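Shared between the two complexes below is chain A, which pairs with chain B and chain C, respectively.
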Partner chain A sequence: MDREEILKTLKSPANWGQKYSLWAVYFCTGCGVVEIPPVITSRWDAERFGVLPMATPRQGNLFLITGYVSVKTLGAIIRTYDQMPDPKYVVGFGSCPVNGGMYWDSYNTIKHLDKYLPVDGWIAGCMPRPEAIFVAVVHLWQMIDKGIATGYERYKENYEFYEANQRRVLPHLPKFGGAETNEGPNG
Partner chain B sequence: MSEEEIKNVIERGVESAAVTVQRAGRLVVTVPKAGAVAALILLKARGFEHLAAICCTDWLEDGQLELVYHLWSYTDRIHVMLSTRLPRTDPQTVTAMPVFQHAQTYEREIHEMYGVHFQGNPRLTPFLLDHWQGPPPMRRDFDTRNYVKESFGVEERVP
Partner chain C sequence: MATAIVTRIVFIVVLPVVGFSVAVLFLGLSRKITARIHRRYGPPLYQPIIDVVKLLTQKENISHGILFDVGILLGLAGGLITIAFIPAGGIHPLSTSGDFLVVLYLMLLSPLGLALAAGASENPNASIGVSRKLILALGYEVPFLMAALAVMTRFGTTSLVEIVAWQQGSVLDWAAFVLPLPALATFLVMPAMLGIRPFDFAVAPQEIASGPLVELGGKYLAFAAIQGALHTYIVVALFVDLFLGGGANMLTFFAKMLAVFFVGVCINAVLPRLRVEQGLRYLWKWPTILAFVGLVIAVLRRG
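Let's look at the complex of A and B:
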């Protein structure tokens, strides 16, 4: 089989390769992460869907935001997202990243994740079942096939919008020239 | 020591302290803020070696903040709630660190969430919040919804 024949059966070999090699970044925000261990291990086995966890963001391309996002965590999320290579996909998991969920009037939790990062898909619910992650993954496959899972491109195109929102809540991030001087519990 | 003995010790040792025995193994001690550390020293010397928590309550109607030190004695199995009140405007008190060193963390959190200044605590630096600019968020007159609307840009829903 030569190269021309591959393109007869496969419209885009790159998309076909990408959609079956989703590496989910190990990043836990909030309570939604309790659903991740059964998803990636023997009970539901995400490897059937080509999803495996990755310990470092520089080798991952699927970012699951599992649960509420506090302001402090949003800084870490943005730093993680900026490190991930293209193409990268963000899925908001649970109702809290969608609109704040039960933390809708909390002083320390951001309400709409898509103001700060481009989100390719949402999983609503509190908590969503592990099956919902697989539904989301299958949706993401279809979006990759159609070429509409383009959050990383939207991020570059509308960077001024995202940057303004990020700067509004996190003016001290190193990428905005501020020093992260907040003292940690041991600092 | 029994509950009654502890009651006698505190009422004799700390000026204008009021002790009520709620039930077996549970005491509520109310002291003026100047006597709080004295009561802590007194209780620690009598076996109350575990400071489990320091709580803060905002009594907006009374214009006061209440600090509650939860103490537990392993030998007598008695829980003492040592309560003291501070004025809401410019609340200041003395740190409990010389008696219980781990009070530093509790005081640091109360300083951040309620704005209580603990004299003698060397590290009242930001703890859980990230570069917080507003007023102490756990005070009851802090308008959470307004703050959320302003800082996160949440739109009003038009029905």
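Let's look at the complex of A and C:
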């Protein structure tokens, strides 16, 4: 810690904690998750950045969407995101959450993740290297410092927008009434 | 008289704070040592403080009812009060005759509090974790209580301060040398008491999503983490007091604790996780046999 860092810490201990203790929800959405084990184990050692995998959404505050998001997975992602306590940060990992990637014309994946959840940052590439996760983490630190990593607040402010989009592809989610309908995912 | 009472009250307040600081330092060290054993760089030494600060300053805290809140607080209170009973290098504000028995009972308060919270959260993973924790407690209580009974029999007292006082001569007066078998048995069950590998099946993150902690987030997880740190301090300090002669002052006491804890961390870093029945089989076999033989020898030598 240098001197500026100490002053910043004393000014806002909450920011300091949020920055250096990013606990990632250990949730594998797609193929991008093969990059996560090397990141959290000996080779790249994410723990030196304070990034730890957490087994439950209640304990996590960093949500990595690793790879393509099928419609069924999107339901689980939304439930997981809703269970995480504020403040929480979402990072799209790989090309697929950005714009569909190689699944751009698939009938069963969603193309733009930020229509359904507020995304704080993207890591482009197919696959991104593990180093890209650290670049993203450092970038997220700067965003938290500047106070612009506010996806969880945008989610609350624009909830009608997100909810309408979620309801369109996933009308059978428990939070939209719970009952299974005959409508398919695109119905 | 008045100054004695004031000193005592000050120590009752200070000792849990000191214990918590030492435990947090130990946790930071353990993460660093584990990282070095894994050939990683590891987090900074103060990473547990960052984590607790983050959890305490989280904007949203999800509760699951009044029992949930009370259970967490009960666990934390159990840890805090137990520390005041354990002599730490000459400081023992709540010592009376029979405080060893009180400590043995109070040590169960923290797991029970956590079990209460886990039950209130109504998560199946939490229930599985609690039942595994109780099985684990059943496993290590048998050898540990026999070893404790051997110590009580050998020194003829149930006061921790007197047990420490009996060991104050040379190094050979330590109970680890007077009672080698119970000391070895307690050392063998210590990973189970600390809940570290190979006995971490109660909070196995990969199997049951961290068990009793599954629904804890924000302040609740912070309190549970503090309680876990206090529990580590209690178990290691009790081992040092019972078998390694306590400490003439706080410095030697914490140095001995660090030595014991370091061995525990090394075990934790290299061993995989046992299954529930494997753990129970191990705990009821070698540590129990050793503790029982040690107890018989202690009784025969006394009678």
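Note that the second predicted complex is superposed on the first by the 168 of 187 C-alpha atoms of A that agree within 3 Å, B and C clash if a C-alpha of one lies under 4 Å from a C-alpha of the other, contacts with A are read in each partner's own complex, and residues count from 1 in each chain.
The rule we apply is simple: a contact is a pair of C-beta atoms (placed from the backbone, for glycine too) under 8 Å apart; a residue touches a chain by one contact, two chains touch by 3 or more.
A quick note: this is a predicted structure, and the numbers were derived from the prediction, not measured.
Engineer: Should A:P130 be classified as contacting the first partner (chain B), the second (chain C), both, or neither?
Structural biologist: A:P130: touches no partner chain.
Engineer: Per the contact definition in the header, classify A:S42: touching chain B only (first), chain C only (second), both, or neither.
Structural biologist: second
Engineer: Check the residue A:V169 against both partner chains and state whether it touches chain B (first), chain C (second), both, or neither.
Structural biologist: first
Engineer: Looking at A:Q18 after the superposition, I want to know if it touches chain B, chain C, both of them or none. Which is it: first, second, both, neither?
Structural biologist: Only chain C; A:Q18 stays clear of chain B.
Engineer: Once chain A of both complexes is superposed, is A:G121 in touch with chain B (first), chain C (second), both, or neither?
Structural biologist: Neither partner.
Engineer: Of the residues on chain A, which ones does chain B touch that chain C also touches?
Structural biologist: Comparing the two interfaces on chain A, one with chain B and one with chain C, no residues are shared.
Engineer: Under the definition above, what is the set of chain A residues touching chain B in their complex?
Structural biologist: For this pair, the touching residues of chain A are 70-72, 75, 100, 104-108, 110-112, 115, 165, 168-172, 182-183, 185.
Engineer: Within the complex, which stretch of chain A touches chain C?
Structural biologist: Against chain C, the touching part of chain A is residues 13-14, 16-18, 20-21, 26, 41-42, 45, 47-48, 50, 53-56, 58-59, 61, 84-87.
Engineer: Would you tell me which residues of chain C are touching chain A in their complex?
Structural biologist: Touch residues, chain C against chain A: 31, 35, 38-44, 47, 50-51, 53-62, 205-206, 209-210, 213-218, 221.
Engineer: Which residues of chain B touch chain A in the complex?
Structural biologist: Where chain B meets chain A, its residues are 125-127, 129-131, 134, 137, 142, 144-145, 147-148, 151-154.
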